[in-house]
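Across the two complexes that follow, chain A remains constant while its partner is chain B and subsequently chain C.
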Partner chain A sequence: MFYKEWIKTRWALLLILIVTCGYVGYELLNYLRAIGAMGGAHIWIAMITKDEPMFVRHLQYIPMMAGIALACVQFFPEMYHKCLKLTLHLPCSHLRMMFEMLGFGLVALLVCFGLNYLILWLGMRPSLAPELYGKMLLVALPWYLAGFAAYLLSAWIILEGSWSRRIFNLVVMFLCLKVFYLSSFPGAYVPFLLCLVVFVLACILLPWISIDRFKKGIE
Partner chain B sequence: MRKLANIILGIIVALLVVWELPWLYNNYAVSFLHGDEIGGQPFTLYSGLADEFIQNTEGQGRRGISGREYTVEEADSLLPFFWTTQLVNAGRLPDTIRGYAVSPQLIRQTNINYHRRAYDTHTNRPNCCLWLLLESLPKRVNLEDPDDAFRFTKDGIEFINMNTGKVKPKKSKLFTDALVKKGFAFPVHELDGNPDTRKEYDEGYLLIDNNRKMYQMKMTAGQPFVKKIDLTDETVVPKFIFVTEFRSRCLRGMMTDENNVLYVITPNYEVKPLGGGIHYDPTQSNMMIMGNMLDWTIRITTEEAEEFYAVSALDHSLLKTFIAPYRSNPYLPGLHFTETLDRWVKPRFN
Partner chain C sequence: MENVIECINLTHYYGKRKIYENLSFNVPKGRILGLLGKNGTGKTTTINLLSGYLQPRSGECRIFGQNVQTMDPALRRQVGLLVENHVQYQFMNIEQIEHFYAQFYPGQWRKEAYYELMKKLKVAPGQRISRMSNGQRSQVALGLLLAQNPELLILDDFSVGLDPGYRRLFVEYLRDWAHSEGKTVFLTSHIIQDLERLVDDCIIMDYGSILMQCPLGHINEGFHRFRSQLPERLSDVPAPLLGDKQFYHPALSLTGELELYSFLEKDEVERRLQAMNIPHGPLMMDNLDLEDAFIGLTGKY
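The block that comes next holds the complex of A and B.
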C-alpha cells in the first residue's frame, strides 16, 4: 500500500518539498540579509522588543496548502478513476488500508515539515540565542499542525461521495483550520498545543466516515 | 469504529457551534439589539478646580458627575492642565493654578499619560526571557541601544553579546556580584523595564527577587547600580512591579501586593499605598493614569465596572472616587480561544 501511494504521489511530494523548503530558504535569506545590512544586535533588539513572527511570517499558510495539495494528489485519483472501489474490494481490512494511506501521507508531511524545521533551526542557531530562535520555531508550530489537520480534513472531504455532505465538511474544515490562525503572537499557542495535537490525531478517524458512506453507495 | 468517528465529528461540530454562534451574535447582533447598553464611560477627567469628575457628553457638551452641565469653555478652564494648548491659543491660561505658578512648558513637563493593559503583565503573555539594559548615563544626550541582552538564570544574570551570541563572563559576574552584595535572592520572581531609547531617561529595571524583596537595577557608566527598595510594612508581599519613567520623574515606579493593593515608589524609594489603598489586579484590569502636577485621574477597568479615582499628586492621598458599574451584560456566553486581557490562545468558556 505504501509503495502504491509512493508511486502515485512521488512527483507531487517532490514539488511540495521544494516549495516548502524554498519558502523556508527565502525566509532565511531575508534573515541573513537583514543581519548583514543592520548587524546582529539590531535583529536581536527587534526580536526581543517586537511581538511579531519575524522571518517566518511568509510561511503562515504554506504547510496548510501543502497538506491540502498532498490530499488532493493522493485521493482525487481514487475517487475520479473509481480506484477506491477496487481498493475496497481487496481482501484486506478496509480500516487498515485507510490508515496505511493516511499514515503514508502523514509520514511524508512529517518528513517535509521536519526538514523545514531543521533548515530553520540550522540557519538561525549560529547567530541567535535559543530564546529567540525558539520563539520563531514556536510561532510556526501551529501552522505546521494546521498542515497535518488540513491534509486529514481534505482527505475526509475528497473521499466523501455526496456533494451536499462535502459542502458541510468544507465548512467544518474551514472553521477547524481557523483555530490554528487566531494569533501570530510568538508563543501564544503554548498552553493549547497539546489540544491541537489531540485534535489532529482525532481527525485521522474522520475519513473513515466518508469511506463508510462510500461503501454504502451514498453519492 | 464508525461510531467512534461519528462521535468525534459530533464533538467537533458541537464545539464549533458553541464557538461560532455566540461570536456571531456578540459581534453583529448585540450592537443592533443592545446598542445603548454597551460601551463604557465617556472620556472622564478629575478637575481639581471644580472638585469633581467632568465627562465629555454627546456633541460638544461637558457634564460633571454631580449632574452639573458645563459649556466647553468652562470645562477648558476647569481642566487647564489637559486643555493647555486650547487655553494658550485663546489667551486664557492663568499664571497660577490653585496657588502654583504654571507655564505651558511646566505643564508639559509634569503631565502624565500612562497606560497599562492586562496583557502587558508577564503572566498574561508569552515571554522570551531576554531583556535589554540601557546605559542610563550615556555619553551623548540620547539613550542608545545596548550591544548586549541579558537573561536571568537560577543563580545569576548573564549578558550575551548580540553580535556574537557569546556570554560576556566579566559583565555577567560584575552584575551578579552587585545583586548578591545587596542581598538579591535568585532566581528573579518578577521584573519590569522599558528599553525604548526614545524616552527621556532610564530607570533600568525594577525587580522582585525570590524572597519577594524589591530592587532597582540599572547600568550607570558601565557599572551596575543596585538599590534595595525597603518596605516600611513588612507584612506587604510584592507581586507585580512596573517602571513608570514619567517625564517629571515624580515616581520610580509602582507595585501591587498579594492583595492587589496599588503602591507608588517615590523618587527617594519610599513605598506608599496610592490613594490609601486602591485595588488594582494587573492580570485582570487595565489601568490608565492621566495626571498633572496637582492631581491624577486613575481609571481602572475591571470586569464589573469602570473605576475612577482622583489622587493628589503631592501626597498620593485619595481625593474623589467614581465607580461606574456596567449597565448590563448582553453578551452570550460561549467558547472563546482568545481574550482581550491576555495574549494566550486557549479554550475558555465565558
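The block that comes next holds the complex of A and C.
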C-alpha cells in the first residue's frame, strides 16, 4: 500500500517540502536580517516584551495548506472514476488499508513538519536563548497540529460520496480548524496542547465513516 | 453443480424507486454467465451488490458460500473485479501497476500472463495509464486480471468505450482463459454480439425481475420470430394474443404484418392462432441471433 501512496504523492510531497521549508527559510532570513540591522540584544528585548509571535507569523496557515494539499493529491485519484473500488477489492482488511493510507500521509507530514522545526531550531539556536526559541517553536505547534487535522478532515471530505454530506463535512472542518487559530498569543495553547493532540488522533477515525458509506453505495 | 455465486431474494431501491424485489439467481462453477438487460434494469446494481459496494435493502449475495458484506478479505484473492470503464490507477505506469498488485497475490500471481498481453499493446513500459487510450487501458485491466488468476471474474460492462478490434481481443482472451482453466465468469455488456461469442449461459433481466436464466443454446435453438401477413388491416394486436404468456411482444408492423416471438414450435403457434380465430396468411419462422432474441424477449421499448 505504501508503494501506491508513494507513486501517487512523491512529486507533490517534494513540492510541499520545498514550499514549507522555503517559508521557514524566508522567516529565518527575516530574523537574521533583523539581528544584523538592530543587534541581538534589541531582538531579545522585543521578544521578551512583545506578546506576539515574532518571525514565525507567516507560517501560520502553511502547515494547514500542506495537509489539505497532500489529502487532495492522495485521495482525489482514489475517487476518480471510483478507483477506491479497486483499493477496497484488494485482499486486505479495509480498516488496515485505510490506516496504511492515512499512516503514510501522517508520516510524510511528520517528516516535512519535523524538518521545518529542525531548520527553525538550527537557525535560531546560535543567537537566541533556549527559552526564546522554545517560545517561538511552541507558538507554531498548534499551527502544525492544524496541518495534521486538516489532512485527516480533508480525507474525510474527499472520500465522502455524497455532495450534500461533503458540504456539511466542509463546514465541520472549517469550525474544527478554527480551534487551532483562536489565539497567537505566545503560550496561549500550552494548557490545551494535549487536547489538540487527542483531537487530531480522534480525526483518524473520520475517513472510516466516508469509506463505510462508500461501501454501502451512499452517494 | 457447485454454485460460485448465489444471490438470494435481493431487493433494492434507490430512494423510492424499486430496482428489483426478491431477485434470486446462481452462477455455477466453471460457467461464463452474461447478464443482459435494458438500461436501468439493474445490471450495474447487481454487479455493485456482488462486489460489496452496495448494500441491498434485503436479501444477500454469497460468493464461495460467504456473504459479500462480511467476506473474509483473503477470499478476495479468488475474485477478480473489472470496474466499469476499465478503471485502473491512472497515476501508475505498466510496470508500477504490475509490481503493486503482485505483492497482494503471492503464490498465484502470473507476471508472464500480464506482460504477454502488454507486448501486444506496443506501448513503452514506462507509459502512464492516464495517457493510454480506452482500448489500451482495457488490456491493462485484463492483463492484471489474468495475472491474478482468480477463480471467479466479475466484469462490469467490459465492452464500453472499446473499438471492435479491442472488443474482439478482450473476448477471445477471456474466453480461452476461462474455458482452458475452468474459471467462472459473471459479466455484463451492452454489446450483445460480444456476449454471444463469450457466454455459456445468460440471465435476461426485465424491469424489476429476471425474465429467464438459461444456457445460450436454449435461446439460439428454441426461440424464434414468427411473422404472418394478416388479410385485413387491424389497428391493434388481437386481445387473445396479448393474453397468451407463450407469445412475447406480439406487434403489428406498419404494413399490417403480425410479428411475435415464442419458444413454441411453428405448428403449435399455427394451432394457437387458429384456436384464437385470428385469420392470417402463411406463417414464417425466423432464426434469431442473441440481439434479436433479446429484443423479442424484452420488447423494443
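The criterion applied here is as follows: the second predicted complex is superposed on the first by the 218 of 219 C-alpha atoms of A that agree within 3 Å, B and C clash if a C-alpha of one lies under 4 Å from a C-alpha of the other, contacts with A are read in each partner's own complex, and residues count from 1 in each chain.
The rule we apply is simple: contacts are C-beta pairs under 8 Å (C-beta built on N, C-alpha and C of every residue); 3 or more make two chains touch, one makes a residue touch a chain.
Remember, predicted model here, so these are calculated numbers, not experimental data.
Chemist: Quick one: chain B and chain C on chain A, clash or fit?
Modeler: They fit side by side.
Chemist: With both complexes overlaid on chain A, does A:Ile45 touch chain B (first), chain C (second), both or neither?
Modeler: first
Chemist: Go through the superposed model and pick first if A:Ile209 touches only chain B, second if only chain C, both, or neither.
Modeler: In the superposed model, A:Ile209 contacts chain B only, not chain C.
Chemist: Would you sort A:Ser127 into first (chain B), second (chain C), both or neither based on which partner it touches?
Modeler: The answer is first: A:Ser127 touches chain B but not chain C.
Chemist: With both complexes superposed on chain A, which partner does A:Pro186 reach: first (chain B), second (chain C), both or neither?
Modeler: First partner only, chain B.
Chemist: With both complexes superposed on chain A, which partner does A:Cys176 reach: first (chain B), second (chain C), both or neither?
Modeler: Touch status of A:Cys176: first partner only.
Chemist: Just checking: does A:Gly36 make contact with chain B only, chain C only, both, or neither of them? Give me first, second, both or neither.
Modeler: A:Gly36 sits against neither chain B nor chain C.
Chemist: Between chain B and chain C, once the two complexes are placed on the common chain, what is the minimum CA to CA distance in Å?
Modeler: For chain B and chain C in the superposition, the minimum C-alpha gap reads 14 Å.
Chemist: Quick check on my understanding: which residues of chain A belong to both its chain B contact set and its chain C contact set?
Modeler: Dual-contact residues (chain A): none.
Chemist: Quick check: in the complex, which residue numbers of chain A touch chain B?
Modeler: Touch list, chain A to chain B: 39-42, 44-45, 47-49, 51, 95, 126-129, 131-132, 134-135, 138, 172, 175-176, 179, 182-183, 185-192, 195, 199, 202-203, 205-206, 208-209, 212.
Chemist: Help me check something: in the complex, which residues belonging to chain C touch chain A?
Modeler: 48, 51-55, 73-77, 79, 81, 83, 85, 87-92, 96, 99-100, 103-105
Chemist: Could you pull out which chain B residues touch chain A in their complex?
Modeler: Residue list for chain B touching chain A: 1-2, 4-6, 8-9, 12-13, 16, 19-20, 125-132, 145-147, 149, 151, 160, 162-165, 195-196, 337-338, 343-347.
Chemist: Hey, which residues of chain A end up touching chain C in the complex?
Modeler: Its residues touching chain C are 3-4, 7-8, 77, 80-83, 85-86, 88-94, 214-217.
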